[in-house]
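Across the two complexes that follow, subunit A remains constant while its partner is subunit B and subsequently subunit C.
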Partner chain A sequence: MHRFSGGDKALALLIMALAALALLVLVGPVLVVLITSFTTSQALRFPPPGLTLRWYQELFDPVRSAQIHRAAGNSLLVATLTAIAATALATGAALAIARSRAGWARFAEGAFMAPLVLPGIAFGLAALMFFSWLHLPPSLWLLVAGHAMIAGPFALRTIGASAAGLDPALLESSAALGASPWRTFRRVVLPLIMPGVAAGAFLAFVSSLDNVPVSLFLSSAQTDMLPIRLWGMMETALDVRVAAASGVLVAVAFTLLLVMDRAVGLVRRMSA
Partner chain B sequence: MEARGVWRLALPLGIAQLLFFAAPLLLLAGTSFSTDENLTQTSLRAWREVVGDTFHIQSAINTLRLGALAVCATALLAVPLALLHLAAGPVLRRIILIAAVLPLLTSVVVRTFSWIVILGREGLINTTLMGLGLTSAPIALLQTEHGLVLALTQIEMPLMLLPLIAALARIDPALLDASASLGGSLFRTLRRVVLPLALPGLLAGATLVFASATTAFISQGVIGGGRLNYLPALVWQNAMVVFDWPLAAAMALTLMASVLMVAGLLSLLGRGARHA
Partner chain C sequence: MPDQMQPVRTLAPAGHRLDIEAVRVRYGQTLAVRDVTLNVAPGEILALLGPSGCGKTTLLRSIAGFIRPDQGRITVDGRAIDRLPPGQRGVGIVFQSYALFPHMSAAENVAYGLEARGRPKQEIVQRVEATLAAVRMSGFAARRPANLSGGQQQRVALARALVIEPSILLLDEPFAALDRSLRLDLQLEIKRIQRRFGVTCVLVTHDQDEAMSMADRMAVMNAGQVEQVGPPTELYDTPATAFVAGFVGTTNRLSGVVEAVMGEAHDIRLDVGGVMRVQSPRTFSRGARVLLCARPEQLTLTGGEAGFAAELRLSLPLGPSVIHDVVAGATELKLQQARHGAPPPPGPVRIGLLAGARPSLFPEGDTP
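On to the complex of A and B.
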C-alpha cells in the first residue's frame, strides 16, 4: 500500500496470504463442483478418475429426471411471481421512505429489513402454522407469499439506494408542469430508478430460487421446489446428478451475474 | 408526487408484512404456549421441555457456538480480503467482487454439496493429504464441527465481505496518505484509521453471518450432523416428523431470541464504539 518498514512488510505479507486464502476458499468450491459434475465415478471422488457427460444426460432425461424437472419448473414459476410481487411492494416502500424524513420512515425501514436477520427456519415454521390455521391447502401461491417476505429486503435495499438519489426538484417541476402523480412516476421516477429496480428484482428472484427455510415447510409433493428436491437427493443415496444440477445452477448464476452486472452494475450495487 | 401523503406508497408492503410475516410469527408465539397446534388450551409444557432438558440446552449452545465460530472464521479471511480490495487496482477489485457475489447467487444447496466433495473420505482434502504422504488413512472431516465451520466459512463469507467492502469504500484515500506521511506504520494506520472506519461493516457482517449460520439447516445437517445437534434440525423434526408443534415453536423462538440478542449486542457495540 505504502512505503513499508520491516514489521510492516511482515504484516502486509500476512494480509496478502490471508486474502489469497480467502479468494481460494470463495472460488475453489465452485470450481470443484463444476469439475465433479463431469466425473465418471459413481462416488464423489476428487479429483475424478475420468470425465463424461453422463450425469448431464441423465439430468436432462425427461423420464428419469421428471421429478427434478417438475421441481425446477415450480421453482422458476414461484421465483418469477415472487420477484414481481417483492419488486412492486419494495418500489412503493422505497419511494415513500426516500421522500420522507419523518420518524415513521426510519422505523418502517427497520421493520421492512427485519426478515433479513430473523431466522428463516422460524419464519418457515410460522408460515406453515399460519396457513394451516387458515385451512389453506399447500399451493404455489403460499410459497410466493412466504418467499416474497424474505425477498422483500433484498429488493428494498437496491431500490431504496436508487430512490435516495432522486432529485426532489425533478418531481416538483414535473408536478408544477401539470403531470399527474402516476405520469410523473411513469415518465420521470421509474426511468431514473430503473437500474436499481432491475437489480432488486434480480436479487429477489435469486433469493426465491435458492430459498430453503420457507420451502422446507411450505412445499409438498405437488409443489416440490428444486433446492428441497436436491437436498433429498443429497440426504438419501448420494446421487451424482446433484453435481450436474449444481453445474447447471453455477453456469446460470455466473451468466446472469455477468449480464446483470453489464446491464445495471449489479456488483457495485451489492457492495455499496 | 408530493411529499405529503407519500407514506401511502409504503402501505402495501406494510400490510403484506403484517399479514404474511408478523401474524404468522405471532401465531408461532401463541402455539408455543399452547397444548396443541389448535391453541385449545394454554400450557407451559413446551417451554418446560426446552428449558428443562439438557439435550435441548446443549443443542442451543451448539447452535450459538457454531454461529460465533462462523463469524470469527469469516472475519479472519474477509477482513484481509477487504483490505486487499481497498489497496487493489480496478482489475483485481473486480475479480474480488465477482468472487464475493458469485457464491451468493449460487444456491446454498450447491455450496453445501461442493463441501461434501471437498471434505469427503475420497474428497479433495483427503486425496491431497494422502498424496503428500501427510496421512496414511483418510481423516474424518464430514460430520465434524471443524468441517462444518470450514464449509460455513465459504458459504457465509460473502455476507461478511460485502458490508466490509462497502464500509471501507467510504474511507478517504487522503486519510491513508496522511497517516503514512505523518510516519504512521502500516500497523498503526490499520489500527488507528482503517479498522475503526471498517467497524460498522464488520458488525453488520457479523450480524448477517451469525443469523445465517445458526439457521443453515441444510449445511448443518448434511455436513455437520453427526453427534452434534443444532436447533434448526430439532425444529424441523418436531414440526414435520413428531408433529409436536408447540415444542417446535418454542425451539424456533429460542433460536430467534438468541439471534436477536446477538444482533442487539452487536448494534450496542457499534454505538459504544462510535461514542468512544
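On to the complex of A and C.
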C-alpha cells in the first residue's frame, strides 16, 4: 500500500485549492447572473437591492419580447436541424472509420475532428465569404450548415467511441442470417450505438444553441439568433431580461444534461 | 427479403454435400489458403484442425462468404455458392464469441433470421419455440444473452444458426470460450443436435481432443495446406506426415539411419543407440536418414538387452495406466503402459518397441 507522505499531503492540498478556485471561477458567474435575474433594479447590478420575478414575466411577454422569442425560435430550430445533420454525418463517418483499419480511416478521423481546433471567428468569416461568392443569400439553412461543421466533431467523438466497441462478428452474424445491410443497421448497429448517438446529438444541439462566432457572420435580420440578440440588448440597454434569458438557458441545459446522463451516461461518454 | 432457396422442412432431413475445389486465398503477399480441395459428405462433421495461422479460419470464412477466394470453387450439392452473399448461401455459423445480439432476448435472437427472410409471424413463433426446445433452452426464451451462462449462450447461438435450416453448419472454435469441464457435455449435445437436424457440418478447432470426439473426419491443416484428411483413428494410427503425427495425439520423435530393408520391414539404427525393426508401407533405401514417430503406448520398458538405454525420471500412475517420463541422451520421451502394481523406481532402463506396434517413419527434415 502507498502511504501519504508530507509532500503528498501538500500536493493534495494544492490540487484541492486549484479545484476550489476552478469551481469558483466557473460556477460563480453563473450564480451571479442567476441572482441578478431576480433583481428589482432597472439595471444589471450585483448584489440586487431586492428580489422579484418581474424580468421573467417581461421575458415571456409575447408582445414586449417578440424579438427575443423569434430569435429563440430560430436558435432552437437551427440547433435541432444541426443536431440531426451532425449526428447523421457523424454516424456514417464513425461506422466507416470503425470498420476500416486502413490508413485513410485514421486520416479521415483526424480531418473530421479538425473543426474542433479551428478558430470559430475565422471559420465564420470564411463561411460568409464563401457563401456570398456562391451568391447564396443568408438563410437558416446556411446557419445549419455552418453550425453542423462546428458540432460534427462533438457527435463524432461519442458515436465513434460507441462504434469502436461494436463486435464485427455481430454484423457478420446478421449478414449470414440473411439480413440486408439496411436491416443490420436498423436492428443491430443503431440500437447498440444508440447511447453514443443520443449523447452526440445532445452535444451538437447545445454547441449550436450557444454558438456566437459562426452565427455572428451568417445570421441576418430575418435569421436573428438568440445569443446575438442577447448581445445586442446588452450593448444598447443593459436590459435585465438578458440575465433572465441566461437563467432560462442555464436551467434548460442543466435539465437536459441530467436527463441525458440518466439515460445514456453522458458524462462518462464525454470523458471517454 | 424472402428466400426461396431454403428447403421445405422434412421429418428426416437429407444432408447436403459440400465441395471445396482448389480454393486459394491470398492476403497481400502471403497465401493463407493454398489450393485446398475438400469434400464433405451429406450429414458429415468435418473438423479443420491446425495451429493458429494455418488457414483453417480463412477457409471457414470463405465458405461462409465473408472472404472471396482468389481461385477455386465452393459448391453445395454441385451448385456454386462462391458468388452469393453470406445470407443467401444456406450456411449457418456459430462464432467463437457466439455473437448473440446483446439487446435482444434469446427468442428474438433466434427469430432474427426468419424475420430477415420475411416469414409470417405465426410460423416464426412456432419455429423459434421448436428450435429452442431442440437445444433445451425453452425456459430461457425471454432472457438476454448477458443473463445466460456460456454454455446456454452457445445453445442459443446454435438454435439461431439452425432455425433457418441451413444446408451447411459452420462452427468456429465453438468450445474455446467454455470451461474444460463443460466441453464434453456440450460436444455430445451438439453432435446429437447435428445428427437430428441432419445438417452437414464444418468445425474449426485447434484442439485435437475436440476434433477427435466431434468429427467423422478430420482435415489437418498446416501453412495453408491440408496435410491429411481421414477418420480420427486413421490420422492417429497412420499419420501421413511428421506434422500430423505431432499434431494429432502425442508422439515421440527418434532420429536414425536405415540399416537394412526387407520388404516393408526397416531396421533403423537410432541416434540414441540400439536398432528398431519397423514395418512401414512407405519404403526407404539403405542409409537414408529417417524420423521414427512412436506413440507413448507403442514404446515399452523392456527387461534384458533389447532396445536402447535410457534414464527413467518419473512415473505417474493414472489408474489403469502409468506414464513414464524418460530421457535418452538429449531426447525426452513419454511412455504409456498398462499398470501392474507399483511403478518402477527412477533409474537406468531399456526401451523397446511393443510387440506388434506400428510406429511411423518419415524422411528426416520433413516439417518440424
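We adopt the following convention: the second predicted complex is superposed on the first by the 266 of 272 C-alpha atoms of A that agree within 3 Å, B and C clash if a C-alpha of one lies under 4 Å from a C-alpha of the other, contacts with A are read in each partner's own complex, and residues count from 1 in each chain.
One rule holds for everything that comes next: a residue touches a chain if its C-beta (ideal position, glycine included) is under 8 Å from a C-beta of that chain, and two chains touch if they have at least 3 such contacts.
This one's a predicted model, so the numbers in the text were calculated from it and none came from an experiment.
In the superposed model, B is the one of subunit B and subunit C that contacts more residues of subunit A. In the overlay built on the shared chain, the residue A:Leu192 is in contact with subunit C alone; subunit B does not reach it.
Once chain A of one complex is fitted onto chain A of the other, the partner contacts of A:Gln67 are absent, as it touches neither subunit B nor subunit C.
Contacts of A:Ala175 after superposition: both subunit B and subunit C are touched. Of the two partner chains, subunit B is the only one that A:Met234 touches; subunit C does not reach it. Contacts of A:Asp167 after superposition on the shared chain: subunit C is touched, whereas subunit B is not. Of the two partner chains, subunit B is the only one touched by A:Ala126; subunit C is not.
Touch criterion not met for A:Thr255: it reaches neither subunit B nor subunit C.
Legend: residue contacts after superposition of the two complexes on their common chain; A:Pro115 is shown touching subunit B, with no touch to subunit C.
Residues common to the contacts of subunit A with subunit B and with subunit C across the two structures: 175. The residues of subunit B lying in touch with subunit A in their complex are 1-3, 6-14, 16-17, 20-21, 23-25, 27-28, 31, 37, 76-81, 83-84, 87, 94-118, 120, 122-124, 127, 153-154, 157-158, 161-162, 165-166, 169, 176-177, 180, 185-187, 189-190, 207-208, 211, 214-215, 217-218, 221-222, 232, 235-236, 239-240, 245, 248-249, 252-253, 255-256, 259-260, 263. Those residues of subunit C lying in contact with subunit A across their complex are 1, 3, 64-66, 85-88, 91-93, 95, 97, 99, 101-103, 112-113, 116-117, 160, 164. For subunit A in complex with subunit C, the residues that touch the partner chain are 167, 169-170, 172-180, 183, 187-188, 191-192. Residues 1-5, 7-8, 11-12, 14-19, 21-23, 25-30, 32-33, 36, 43-47, 88-90, 92-93, 95-97, 99-100, 102, 104-105, 108, 111-112, 114-123, 125-130, 132-133, 145-146, 148-149, 152, 156, 168, 171, 175, 181, 184-185, 189, 206, 209-210, 212-213, 216-217, 226-227, 230-231, 234-235, 238, 242-243, 246, 249-250, 253-254, 256-257, 261, 266-268, 270-272 of subunit A are the ones that touch subunit B when the two sit in their complex.
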